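Each of the two complexes below includes chain A, the first together with chain B, the second together with chain C.
Then we have the complex of A and B:
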């Protein structure tokens, strides 16, 4: 998945995130959540998934609680609170769905974070927003430099100022910050002049990216196109409609709807399939050497 | 375009276009998709500023100075990563807006929120943070950019209220939209109430950073601005 061209992986995540946020049908959400969790596990290992789940699960609980406690619509009352408001089945189910949606979205974002690294994102935005992406990539490169400058100026201050007392550290920090800022700003102007001398702004900017469009990209892109088309067709033909209030109504699991859900499941399983195939290939190549 | 006309144009974009988008979103998507609509509106409301910046093909000096300010904000957030509410990002954004104007403030705010989340984790909250810090930078430009060396007290008061009344509540309401599909008054009040302590600490931290480093940093930025004629009328 990481080796794929950033355009196809970006299209994949856009599709998955939009469908996850758009369709609140329990079947779609569960498939999305399982797919997201599986993909994250395939990309980062079970440890990475566990790290995320540690705070996603409390978030889910909070969401269910939030909806059950503050939303009193719906016709099926489960029990009554002491102030006379009802906790309804509908709002609880809605809370469950919203929680699943949120968790799936967060986990998909986690996968995206693994696949679309900052350099790929910059290459992707490079043709759309060239100045912004240049600005951000320069800033990204300057973060470690700023931290290093801060440390250097702080150490130099410490060696020569001879301050003591409780206010010594904050005062030194402010001085170090102030020194770093002038240093970085002067340096920035030199960089800018150098850019200008090398012809910045004369023609169209070109971009460095290592991605090539090969057979696997075409294959993945076509598969994604077909699956996306079928999934969207299924959604618009009513396999993912849901009504929460006043009473629950979901699309039933008929043959047609099941087929649409299968398409969505296949879409969500794509990262797992790719990672699995790569792992298998790796193992096989290892045994023959 | 002069600084003044630029400010006016940017103000129209922010004050007219964003509410119009919110209205459109609620009319077209009237069926409880607050989450998706809110994220789309947030992203769309970021776009005009970015595209405008793109269209006037900025000078190299401008780009590099802005990237230094963004890097400062991100490095500051990383340096204080052990205390989530205690971060200097808002202070850096306010100083950029005050020194270089509305547009620069907005870009530094949105950019530092976006980039710092590469270190702290991207998620559905990223567009909200971008908009929140972007607005703070924009307002700082609106209030302070036309003055020569604004006073420390004014900066501190602005910093506290911008974080406590604008950024914090915006993110709190954003989290309500994230966790509950049906927005009720009680839910929003509860979220705002639970966020008061966090926002107060964040606002206090901003005041502290502005009080300690505000004036010296502004002097430095002004010096660079005058010395090299960057991001001013004479460019």
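Then we have the complex of A and C:
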């Protein structure tokens, strides 16, 4: 998955995130959650998934709890709270769905973070907005430098200004900030020279990136196109409609709906399939690295 | 055909009466390696910046600069960008983008080179310099030497005919500097690129250059092969002779007979013609002052699961002494200083401080300055230090505008405002020229006369050997053999001065050029052929 051209991986993540966030049908959400968890495990190993679940699971529980406890719409009362408000089946199910959606989205974002590294995002913005891409790259270069300058200036001030009392820290911060700003301006003069010396501004710029389009991109792109078309067709023809209030109404598992869900499941399984295929290829190649 | 010819160039900065360049004429042949030297502020940078219109400063100018016989002014910016590569002094500030690969591509992107060609050229350059191992990395995480090498590669990827480098190693430690200069030499020898390089540390480059030009207050005072330059500077007893390598200085001190040796090997051969008289050198004044600071069995690491940077380090600082700590890159010198300053806490062992006030001069002295003028920075009541550190003329300047050496001095004055008992200096001689370095050493000595203790960590073996009372080698997290300076350095094989390496077979105790010169006897008559 990581080796794929950023355009196709970006299209993939856009599709799964949009469907996950807009279709709140339990079948779609469950498939999405399983797919996301499986993909993350395939990309980062079970350890990586575990790390993420450590805070995703509590988040899910909290979402369900708050929705059930404070949302009293719905016609099926499960029990009554001491203040007379009802905890309803509908709000509990909605809480469950929202929690699943949230968790799936977070896990998909985790996968995206693994696949779409800053290089790839830069390549992507490079096509759409070339000048913004350079600006972004320069900004990314500046951030750690500014932080380091700030820390160095602050430490140097702290070591010798002899300030005490409650105002010492803010005063030192202000001084460090002003020192850093003028320091960074001095840096910027040299950077500008370095850019001029290398011909910045002499004409139309091209945009270098390290992405290549090959057979696997074409294959993945076509597969994605077909699956996305079928999934969206399913959704628009009513395979994923959901109504929570006043009472629950979900698209039932008819043959047609099941087929649509299968398409969605295949889409969500794509990262796992690719990672699995690569692992298999690796083993077959007999490489012992 | 000369690659670059400068014809009677005069230049005066606006708002200045004295010209920065006076009637400079110079011709650099295609494929030549020219070394431009001179003390700080002699006009090296101004001259080099004239070789590229995009960087040329504003001011009053007369004279011509020709690239391949064509005036520079008639060559378009675009063509100049590709044909003349320029590497500046600051490794960090020249880097524009966040990724190594993007930085390499930056120049070619500006020229609008198509991605397919670009990919090949970037790959070629990364392979030539061995950059492929860190091709993917963030530029921010590179070492200083790697950053400067990246800057060189990012310029060469545009395939320039002429490469101009303005003191490229001034901010690097000697090991990284030597590595960088070797890369430049390769570019010159293997790619045939014309190189014009200015430098203050002549020791490593003098042997590489085909020709050397010396600038003295904006005027070209000498030009020729390095040997001719050495001889000419000796004959005219130029103050710049002090910046020459140790072998040349000893040769000059012995009267300038015969062929001028350029390196330790040739210097050693020259000394074989002499008898070096046994001399009893007094040990460096041992200062048995009271103990101010002590590190006792100190262990330190930056991360819990990381390696120990200091492993049972012991160190004592006495009143009134200069203690030098030398050692390779990343051996923990800066960490040890910060332990002494109390800004890092060891996880085992304890720094003992007998109520001494400690001031640390960080490696980047710029970090100390936050005000608009030096006068504000220093406050009042610092008259003595301002005199001693020769800062009186700089008081109204913005600390950010000062040159490297000036900033260093101003920073020392600033840390002395807290009237410390111990002064910790981190690489204080970085970017100083040889002549000023000597004066700086004298200043440090003057400071210790009042009982101030100075601890300096440095790569600069020559400086430490000349000015420290005690010295030690930091290795494997421990301070090895912190002893009297002479016994420490003469006991080492290569962590010692060039003069010692030349004379050690005959006079192992000699450390400085002057000592070797003084010990030399029976100066040979000019060699006559014998049959």
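Rule of thumb we're sticking to: the second predicted complex is superposed on the first by the 237 of 289 C-alpha atoms of A that agree within 3 Å, B and C clash if a C-alpha of one lies under 4 Å from a C-alpha of the other, contacts with A are read in each partner's own complex, and residues count from 1 in each chain.
Convention: a residue touches a chain if its C-beta (ideal position, glycine included) is under 8 Å from a C-beta of that chain, and two chains touch if they have at least 3 such contacts.
Here the structure is a predicted model, which is why all the values come from computation and not from measurement.
Undergrad: Tell me the contact category for A:92 with respect to chain B and chain C: first, second, both or neither.
TA: After superposition on chain A, A:92 lies in contact with neither partner.
Undergrad: Of the partners chain B and chain C, which touch A:200 in the superposed model: first, second, both, neither?
TA: Both partners.
Undergrad: Looking at the overlay, what does A:100 touch: chain B (first), chain C (second), both, or neither?
TA: In the superposition, A:100 touches no partner, neither chain B nor chain C.
Undergrad: With the two complexes superposed on chain A, say which partner A:32 touches: chain B (first), chain C (second), both, or neither.
TA: Touch status of A:32: no partner.
Undergrad: Contacts for A:191 in the overlay, against chain B (first) and chain C (second): which applies, first, second, both or neither?
TA: Both partners.
Undergrad: Which of the two partners, first being chain B and second being chain C, lies in contact with A:210: first, second, both, or neither?
TA: In the superposition, A:210 touches chain C alone.
Undergrad: Answer with first, second, both or neither: which of chain B and chain C does A:155 touch in the superposed model?
TA: Second partner only.
Undergrad: So, does A:176 touch the first partner chain B, the second partner chain C, both, or neither?
TA: second
Undergrad: When both complexes are superposed, which of chain B and chain C contacts more residues belonging to chain A?
TA: Between chain B and chain C, the winner on chain A residue contacts is B.
Undergrad: Could you tell me if A:119 is touching chain B, chain C, both of them or neither one (first, second, both, neither)?
TA: second
Undergrad: Enumerate the residues of chain A that count as touching chain B in its complex and touching chain C in the other.
TA: Looking at chain A, the two contact sets intersect at 118, 134, 138, 140, 145, 178, 182, 185-186, 191, 193, 195-196, 200-201.
Undergrad: Sort out for me which residues of chain A touch chain C in the complex.
TA: 118-119, 122, 134, 137-138, 140-141, 144-145, 149, 152-153, 155-157, 159-160, 162, 175-176, 178-179, 182-183, 185-187, 190-191, 193-210
Undergrad: Considering only the defined contacts, which chain C positions touch chain A in the complex?
TA: Of all residues in chain C, those touching chain A are 52, 54-55, 76-78, 81-82, 85-86, 88, 90, 92-99, 101-102, 105-115, 118-119, 122, 136, 138-140, 151, 154-155, 158, 341, 343, 359-360, 362, 364, 366-370, 398, 400, 414-415, 417-418.
Undergrad: Using the touch definition from the top, list the residues of chain B that touch chain A in their complex.
TA: So the residues of chain B touching chain A come out as 32-33, 35-36, 39, 50-51, 53-54, 57-61, 63-68, 70-72, 74-75, 78-79, 107, 111-112, 114-115, 118, 121-124, 178-182, 184, 186-187, 190, 212-213, 216-217, 220-221, 224, 228, 230.
Undergrad: For a test of understanding, state which residues of chain A touch chain B in their complex under the given definition.
TA: 18, 21-22, 24, 59, 62-63, 66-67, 70-71, 73, 91, 94-95, 97-99, 101-102, 105-106, 109-110, 112-113, 118, 129-132, 134-136, 138-140, 142-143, 145-147, 150, 170, 174, 177-178, 180-182, 184-186, 188-189, 191-193, 195-196, 200-201, 244
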